[in-house]
Amino acid sequence: MKVYLSGEIHTDWRDEIIAGAGSLDMTFEAPVTDHAASDDCGVAIMGAEPNKFWHDHKGSKLNAIRTRHGIENADIVVVRFGEVYKQWNAAFDAGMAAALGKSLIVMHGADHQHALKEVDAAALAVVETPQQVVQILEYVASGKLPS
Amino acid sequence: MKVYLSGEIHTDWRDEIIAGAGSLDMTFEAPVTDHAASDDCGVAIMGAEPNKFWHDHKGSKLNAIRTRHGIENADIVVVRFGEVYKQWNAAFDAGMAAALGKSLIVMHGADHQHALKEVDAAALAVVETPQQVVQILEYVASGKLPS
Amino acid sequence: MKVYLSGEIHTDWRDEIIAGAGSLDMTFEAPVTDHAASDDCGVAIMGAEPNKFWHDHKGSKLNAIRTRHGIENADIVVVRFGEVYKQWNAAFDAGMAAALGKSLIVMHGADHQHALKEVDAAALAVVETPQQVVQILEYVASGKLPS
Amino acid sequence: MKVYLSGEIHTDWRDEIIAGAGSLDMTFEAPVTDHAASDDCGVAIMGAEPNKFWHDHKGSKLNAIRTRHGIENADIVVVRFGEVYKQWNAAFDAGMAAALGKSLIVMHGADHQHALKEVDAAALAVVETPQQVVQILEYVASGKLPS
Amino acid sequence: MKVYLSGEIHTDWRDEIIAGAGSLDMTFEAPVTDHAASDDCGVAIMGAEPNKFWHDHKGSKLNAIRTRHGIENADIVVVRFGEVYKQWNAAFDAGMAAALGKSLIVMHGADHQHALKEVDAAALAVVETPQQVVQILEYVASGKLPS
Amino acid sequence: MKVYLSGEIHTDWRDEIIAGAGSLDMTFEAPVTDHAASDDCGVAIMGAEPNKFWHDHKGSKLNAIRTRHGIENADIVVVRFGEVYKQWNAAFDAGMAAALGKSLIVMHGADHQHALKEVDAAALAVVETPQQVVQILEYVASGKLPS
Amino acid sequence: MKVYLSGEIHTDWRDEIIAGAGSLDMTFEAPVTDHAASDDCGVAIMGAEPNKFWHDHKGSKLNAIRTRHGIENADIVVVRFGEVYKQWNAAFDAGMAAALGKSLIVMHGADHQHALKEVDAAALAVVETPQQVVQILEYVASGKLPS
Amino acid sequence: MKVYLSGEIHTDWRDEIIAGAGSLDMTFEAPVTDHAASDDCGVAIMGAEPNKFWHDHKGSKLNAIRTRHGIENADIVVVRFGEVYKQWNAAFDAGMAAALGKSLIVMHGADHQHALKEVDAAALAVVETPQQVVQILEYVASGKLPS
C-alpha cells in the first residue's frame, strides 16, 4: 500500500512512522518538510515577486505538484494536526483525500477534538500518536494486533 | 448556476451575497448556520452520548449529508474564513471542492494570507468582501463589470 | 433532494417517511414492494423457466433496472433491515450506495447491531425508527431540530 | 489478475483456492480472518469503548481500510456465503464490487439460492465450491477447461 | 426515466413502444431513422467526397452527435436486432451502453440467439417483441405486471 | 441539448447560429465576448496589478468560472478559429472538450487546415460557416437535412 | 503499452501481430480463441443447462471476466472483423472500447466498409492487414515509419 | 513520476530536460518529433489520400494514439510554445491535460504572455527555459532548491 503523510512539519512524526512500519510492504510519500524551501521554491526557480501574495502563490502551486501526486496516488492518507498554527493546508489535504475516497487517518491531541469534528467524521481512524498509526498499518497489512 | 456558501457562520455575509445577487439566475445552498442546532443535531435525533467525541461524531456526520450535497451539486463553492476560530471545516470543504473540480472562490482578510496560501492557490478568485463575490457572480452570469 | 428507500418490504415504514416528510422539497423512490410481482416479474413478461435459479435470475435483473436507477439517482439512500429474513439484497444495496458515495442512512433494531457493524460503519446515520428518518430529512432540508 | 476473497471466515476455502490456483499469475487479498482480532482491532489500538456500538464502529472502520483496498484494487471479487450467520458484510462487499464494475463470482449452497437472487443476478459466475472457483480462474487465465 | 431506442430502422417497433408506454413518465430518444438522410447527412452539409469511405465517415460522425447523446443520457437502452443486415452499429451501441453502466434491454428473434450471446449476457432483459418492452417499462415504472 | 460556442469573438457568428437555430430545443452558452471586460475583469473586481502577468492571471481565472461551466455542461462544443490572432484559448477549450468526451464541432477557413489537423481529428464535424453549424444542429435535433 | 486483440478467431492474425511486434515494449491480451472451450466453459465448470440460451449465458459471462479485463486494461484495442459470421461480439467490444476512451484500431476487408462505418468512425485507424497493425504499433512505439 | 513533454519540436529542449533530470526517478514520454514522419505516418501505413484534409486526418489520428497515451498516463505535462507557428496542437494538449487534472507546466517566452493567459492560468508553473523545468522536477522529487 501507498501512504501519504500530510500535515504538521515541525516534529519528526513521519520518521517515527516510517521507521516503525519499516518491515511492512508499504511506501511513503510526504510534502517537502523544509519550511524555508517550501515557502520560497516558487520565486527561487521562477523569479522574485514584490507582492507577498504572488510570492506565496508561486510556491504553493509548485508544492501542489508534489502534494497532489502524493494524495491522488495514496491508498491511505494520514493527516497530523500539531499543537500550534492554523494548519489550514492540513485540513485542505484531508478534504481532498475524503473527496477522492482515500482511507483517511487523522492524528491530533484531545484539545483539538471539537474543532476537528468534521474532519474526524470523514476519517476511518482518529489517533493521537505515531505509534498508533504504526499499529494500524501493521494490522491492515498483516492482521496482527499489537501485543 | 448553483453556488454553495461554505465557512464562517457568525456574520451575515451569506445574506449579503444572496441579496446582492438576487436578480441573477443562481441558486444558493449553505450549511446549517444555527450553531447550537449544528452541534447537537446528532444526539437530539439519535440519542445522547456521554463521550463528547461521539456526540460530535453523530452531529458531524448528519451535517455532512447537507454539506456534501451542497458541495457536490455546486458549480461554484465560496469559502469564507472569518477572523477567529480554527475553521478547519472551511478548509476541509475547500479541499473537497478542489478535488471535485468545482470553481472555488475564497474570501478572507489580509492577515490570513500566508496561512491560507495553499487554499488560495487552488482558487479561481481570492477576495475580501461579500460585495466582491456579488460582482464576480454578476460578471460570470452577465459579462458586466461593476460600474 | 432525492431519497431512495431500500430494504424491508413487509411493513409500511416507507409510507410513514413519505407522509412525515410530505412538506419537504424531497422526492422518493423505492423498489417494487409487491412481493409476488417482484418474484415473478421476469417469467411473467419473458416466459416461464423450469429451473428456479433462472426464474429468479430473470426477475432479479428486471428489478435491477428500477433499483439501480433509484440508488444511482439518489442523494440519500435509506436502508431498513427488518426483524426477519436474510435481507441480503438490502445489504447489497447499502454496498452499492457506499461505493457510489451516496449519503447512507441505516435503520435497524438493536439486536442486529453487531451483525450490521460494517454496514453501519459506512453510514452517516444509524437509526431505529421511521420517525428518526423524518427528523433527519427535516433537519437536512431546513436546519430545524425536532421540538 | 488480482483477486479479492470476501465473505465467510470459518472454513479454509481461501486456502483451497490459493493453493489450487498457485501456478497462475494471480495475486490474492482477503479480509483479516482472525475473528477476535477483527472484532477488537479498533479498541485495541485506539482505546476501549463502554458502548458496544462504538466498540464495533471503531473496529469496522479500521477493517474497512483493508477490505476497501482489496475490493477497489481487484479485477475479480469472489464472495462466499456460508451456511450460518447473517453475513451482511459479505452482501455489502458484493454490492460495492458490483457498483465498482468488478467481475463478481458468488459462492453459496443451493439452500441460499432464493435469498441471494439479487446478488447472483449481479455476478458473472455463481458456484458452490472452491474447486469451481479454481477452475474458473484457470480458464480465465489460460483458456483451458478442467479435464 | 429516459429510454434510448437503438438498432433496426426498417420496421415501426419504436412507434409501438412509444405508443404503448404513452401514459408512463418516460421520454424516448432514437437515432435518425430516415435511411437516406442518415447515409448522406455528412456530405449534404459538409461537401461531397469522391471516396465512399470518407462519405460514410462524415455521415457516421455527424450521426454520432445524436446517438452518443441518446445513449449517454439514457437510463435504459433498448437495442433491437432485425432479421437482416449486419447491424454492427446496433452491437456497437450495446457495447457502449454496457460500458457506461446503462440498463440494457436486447430484442431479437430466436434465430439470432447464439450469435448474440455476448450481447445478451450484458443485458438486464432479453425479449422478442415491442410489447414485452412496453410491459417491462410499465413494470419498472409502476410495479404492475401485465394482466 | 446544450451548446457551448467557444473561440473567436470579433465577428457575430454566435448570433447567426443562435438566430438560425432559434426554433430548436437547444440552449447556448458562450464566453464573455466584450474584449475589454474580459481582459480587465480580474483587476476591476479584485484590485489592480502592476505586473501584466498577474493582471491577466486574475482575469483569466475569473473567466474560467464561466468558460469551464459552459464546456462541462455542454453536449456539443463548437470552436471557431478566426483569420487572425493566436487563439490558443480556442484550441485549449477544444482540448478540454475532447478530454471530457463532448461532441466537438470545429469551424475554420481552409487556410488553417494543416495547422488545425490535430484539433480537427478530434472533432465530429469540421465546417467553414455558421450556416453549416445551424444545419448540423437542425439535423441532430430533427433528422432533417437542409433542402 | 497494452494491446487487446478482439474479434475474429478463425485465422492466425493475432500470432502475426504478436510475432511482428515482438521487439516492442508491448504486451498483448486476447479472448480465449479455442471456439469449443469458449462455447462450453460455463456448463463445463458450473453444470449443464438443457436450454441453449442459459448454456450460452453461463459461458458468455465467464468469458466476460477475461474480455472485459482485457479491454479495460488496454491502451489500444484492435478489433478484427473477418469475412464470415455475424461477429456481433466484435462490434460489442468495439463499442465498449470507444465508451472507455481506448485507442481503437479496426481491421476489415473493403467489402465490409459500409456496414462498419459507425465502428470505423470511432477508430483512430482503419486497416486491412495484420502487417499494417504491426506498422502502426512500431510507429506509435518508436516514431519509425515502415521502410 | 511520469512526465509528458508536449509542444514545439524544432529545438532540443526535450533533450535538455531529460539530460538534466537524468538522476531523478522520473520517466519521460513525448510525441513523435520527426516532423516528416509525423505528417505522413497515416498515408505511409494506410494508403495515400488525394485530399490534404484526409491525408492530415489519417496522420493526426495515428499520432493521437501516442500523444493521448502520453498525456493520460502522465503525472506532469510540460507544454512548450516556441517562437513561431500556430502551435494549436500544443494548446490542445494543454486543454486535455487541464481537463484530466494533470499538473501542467507551461514554457514560453515573454512575448507570448498575453496570448497564452488562459493556458497559463490553468498551469501550476509558468517558465521560460528547460533549466527551470529541470529545477522544478528536482524540487518536486527531492525538495531541494537550486543552489
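The first chain written gets the first letter, and so on, giving A, B, C, D, E, F, G and H; residue counts start at 1 in each chain.
Keep this in mind: contacts are C-beta pairs under 8 Å (C-beta built on N, C-alpha and C of every residue); 3 or more make two chains touch, one makes a residue touch a chain.
To keep track of the chains, here are their UniProt names: A, B, C, D, E, F, G, H = YtoQ family protein.
Keep in mind the model is a prediction, meaning the values are calculated, not measured.
> Moving step by step between touching chains, how few steps can get you from subunit D to subunit G?
1
> Using just the Cα atoms, superpose subunit D onto subunit H and tell me the rotation angle to the nearest 5°.
180
> Per the centroid of Cα atoms for each chain, what is the distance between subunit B and subunit F, given in Å?
Their C-alpha centroids are separated by 31 Å.
> Return the distance between the CA-based centres of subunit A and subunit F, expressed in whole Å.
Each chain's C-alpha centroid was found; their separation is 40 Å.
> Which subunit D residues touch at least two other chains?
Counting only residues that touch two or more other chains, subunit D contributes 61, 64, 126.
> Report the residues of subunit H in contact with subunit G in the complex, numbered from low to high.
On the subunit H side, the touching residues are 32-34, 37-38, 40-42, 44-46, 58, 61-62, 64-66, 68-69.
> Report the residues of subunit F in contact with subunit E in the complex, numbered from low to high.
1, 75-76, 103, 123-127, 132, 135-136, 139-140, 143-146
> For a test of understanding, state which residues of subunit H touch subunit F in their complex under the given definition.
Checking each residue of subunit H against subunit F gives 52-53, 56-57, 59-61, 63-64, 67, 81, 85-100, 112-122, 126.
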